[in-house]
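Which chain is which? They are A, B and C, in the order written, and residues in each are numbered from 1.
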Amino acid sequence: MVDFIQNTLDGIFIGSSYALLAIGFTLIFGVMRRLNLSYGPSIMLGVFAGTLLYIQLNAGLLVVGLATVVGAVLAGLYVERICFWAVRRGAALASMVSSFAIWMQLEEAVTIVFPDRTYPFPPLADFTLKLGPFWVRGEHLIMFICASLLTILLHLLLYRTRFGLAIRAVSENPTAAKFMGINTGLVVMFAFALASVIGGVAGYLIASTDQQVTPLFGLWATFKGLIAMTLGGMGSIPGAIAGGLLLGVIEAQSVWYLGTEYRDLVAYAVLFAFLVFRPGGLFAQKSAMQSRLAARRV
Amino acid sequence: MDDHLIQVFSNVGMISFIALSAYVLLLTGEISFGQQAFFAISAYASGIATAMWGWAFWPGLVWGAAVAGAAAFLLAWPTLRMRGLYFAIGTLAFAEMVRLIFEIFRYQVEIEGELVGPDGSEGFRGIRYIFESDISATQYMLIIYLLLSAVLAFLFAIERTRLGAIFRMLGEDELLAEMQGVNRTYYKVMATVIAGVIAGIGGALYAHMNTYIEPKIFNVMLGVHSLAYGLIGGLGTAFGPLIGVGLDIGLLESTRIFTGYRMVVFGGLVALLLIFRPRGLLDEAAVHAIKSLWRRFLPAAQTQRSNNRAPD
Amino acid sequence: MAVLEINDIVTAYGKIEALKGVSLSVAEGKITCLLGPNGAGKTTLMMTISGILKPQRGAIRFNGQDLAGKPARTVVGQGVALVPENRLVFPEMTVEENLKAGAYLRRDAGKVPSDIASVYERFPRLQERREQYAGTLSGGEQQMLAISRALMARPKLLLMDEPSLGLAPLIVEDIFRIVRELNNEGTTIFLVEQNAHMALQVAHHFYLIEQGKIVFDGSPDEMEEDEVIKRAYLGSKV
């Protein structure tokens, strides 16, 4: 039982970073109704921007973090302009494949500058807490706190500001949003930038927990985010959070009880089962609308 | 032809199978990220048949494709209810499950003092039937293209019959197709199985050409690439995916003109292409234009064509 | 005096022209109604005026400003608000948030709450449901919300695209009562309808559109006298 709870705790901590990735995914999906496969790779670019400053200038945590976020935002906007803004409306498949092409491009661009397999990333904290019979790693705790704070900020932004109202209006009905006088193109761009900020923070937290980065981070982040978003229900932010935490817990439990080689297998099996039996995700009822839209032809 | 060129052509041919497989599903309106699963299943199944059970190459290939088709049949049912993005993610989950199962799948027998068979993430060595039967690389390339032509002929035949029309109709508007009396379940399952068998043929060819396969070859990158090939080449004709594969593997990877930054160039080009041609180089309109040109200059071809039309 | 003047507008979807040179004008302070069958181009015209569709040629003048081909936000900014066909409320936003979205371009944010209050005064049902998701409202309530949302922009010209579509007869009467009320308060209204009977009771001027062309232009009396229109649009009841 102690083991089970310990795994659940670990899973929730790690899952908080998955939740951030899923939130970013869901924001983009919400305003675009299209899949941005390049989401992870653009975060990867940000993480490498951070690493570059760390290796070359021995920059501090804050500078590295800032570089990561700025890099992710710039790459995210590049993706938005080329794969989404420029591609004709109604051509969702073209956008998706285009985002894949840009993924390949970003990944190779990074490996040209960083030819080795892994590079160091500055750690956030190096302490471990003991709470009763349970252990909590410092960087996990910081990760969880940062993710929670960021989620609260995002919630305030979406539900308390005019800009948040515009994002939600575009997500629910872009045509109606235009009738309100909302500049939908601009809102989409800002939503991408916002998703990239969230992704950049997630990338920074994950990289500093791992204390290293690899060009494979892009692939990893895209699929973690995609799975977590689907588990929770596409287009729903509470769903993204729940999906991220669930994925973290599933992974932690399967590593403990079945072994590392079963971690992804179990995660994919749960994902598949969700798609078959509960395609709307954890919050199937609430996001019925989003699910219908997701099921539309891409 | 030199060895390098033969290798390039063989690779283009084999990857074309999986690109065509994704294309068949695209016709019916479904995006699959998971056709590499059938490629993998057949690679393992046919490899096991020839290397471990002592089967000949052709029965092994048929067996591999059949197992892939059966797997596709099983997958078709749970994914029937998934639409749009859900289908894409569902097939992705399935394919990754298949790959991860091969990562832990161990089944080995001793042959001539040597352990042969899949060894989890260590891969599966010694699929040497082609090598031991003295089939040259050129001959094998011809076999690949013979089979590819057969698959293409099959797809073109489908396009000219009611079946092709039904597939495209399902792709355009599923609900409308159903209202026209199309049995959605039947045709969706059929398309999935056809796609699975086509990928399976490619997988068996791949295993026997390389003599060694490992699970990580069949990762999601292979699947997304093959999907992209269809869109790059164009969704108007079965030649589309071949053009996509030819451009990427044939031209860029093999000529090595952009060694080191091939993807920077290719990724950018694809993104640009999709801005101007969101349904690929040979999209439906382009195919239509080519066909009418063809008809204008070759009136004989037209009569030939109408004679060949299926009697329905 | 005409507040909106439309001159020889052509709008096409690909190669198919949905509007083949439409000209009409909307008089200030009046209710002008555009009648026509399904697919005649009514909604296309509304989308073109609102700036969602770009016309191939032609002019749209609103208070002397050319709006043809301008984006929707410019059109709304100039004081033209649309109540879209099928209402298009934001289903997963509350009633009040929908109203706030309607006031998106307003620069006088301080006056928005009092406008919301006056909307609630006009539609007490919306006040009861202010915290409810708009998607949970009935069709009639959604239509009232869509009208209120458009009013939040304080439009000089209100465009209404088939406000009676899919609503029960009693509710349709309610909607038309509101249309008249808004007009009496000074709002110019350009209404697109299929329901000629209801439109006859409120509109001051009629246009009839068929296959992308204006085929009739006249007062309600002239319309009632026209034998062809009578047979096609008013049936035997009149």
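Definition applied: a contact is a pair of C-beta atoms (placed from the backbone, for glycine too) under 8 Å apart; a residue touches a chain by one contact, two chains touch by 3 or more.
The shown structure was predicted, so the numbers you read here are calculated from the model rather than taken from an experiment.
**Student:** Which chains does subunit A share as contact partners with subunit C?
**Tutor:** none
**Student:** Whose C-alpha centre lies nearest the centre of all protein C-alpha atoms?
**Tutor:** That would be chain A.
**Student:** If you take the mean of the Cα atoms for each chain, which one ends up farthest from subunit B?
**Tutor:** When every chain centre is compared against subunit B, the largest gap points to C.
**Student:** Report the inter-centroid distance (CA atoms only) between subunit A and subunit C in whole Å.
**Tutor:** 42
**Student:** Report the inter-centroid distance (CA atoms only) between subunit B and subunit C in whole Å.
**Tutor:** About 52 Å, centre to centre.
**Student:** From the mean C-alpha coordinate of subunit A to that of subunit B, what's the distance rounded to whole Å?
**Tutor:** 31
**Student:** How about subunit A: which of its residues touch subunit C in the complex?
**Tutor:** 162, 165-166, 168-169, 172-173, 175-183, 289
**Student:** Going by the contact rule set out above, which residues of subunit C touch subunit A in the complex?
**Tutor:** 50-52, 71-73, 75-77, 81-82, 84, 88-93, 97, 100-102, 104-105, 135, 149-150, 153
**Student:** Residues of subunit A touching subunit B in their complex?
**Tutor:** So the residues of subunit A in touch with subunit B come to 35, 37, 82-83, 86-88, 91, 93-98, 100-109, 112, 219, 223, 226-227, 230, 234, 261-262, 264-265, 268-269, 271-272, 275-276, 279, 294-298.
**Student:** Touching subunit A in the complex: which residues of subunit B?
**Tutor:** 26, 29, 31, 78, 81-86, 88-90, 93-94, 96-97, 100-101, 103-104, 121, 220-221, 224, 227-228, 231-232, 260-264, 266-268, 270-271, 274-275, 278-279
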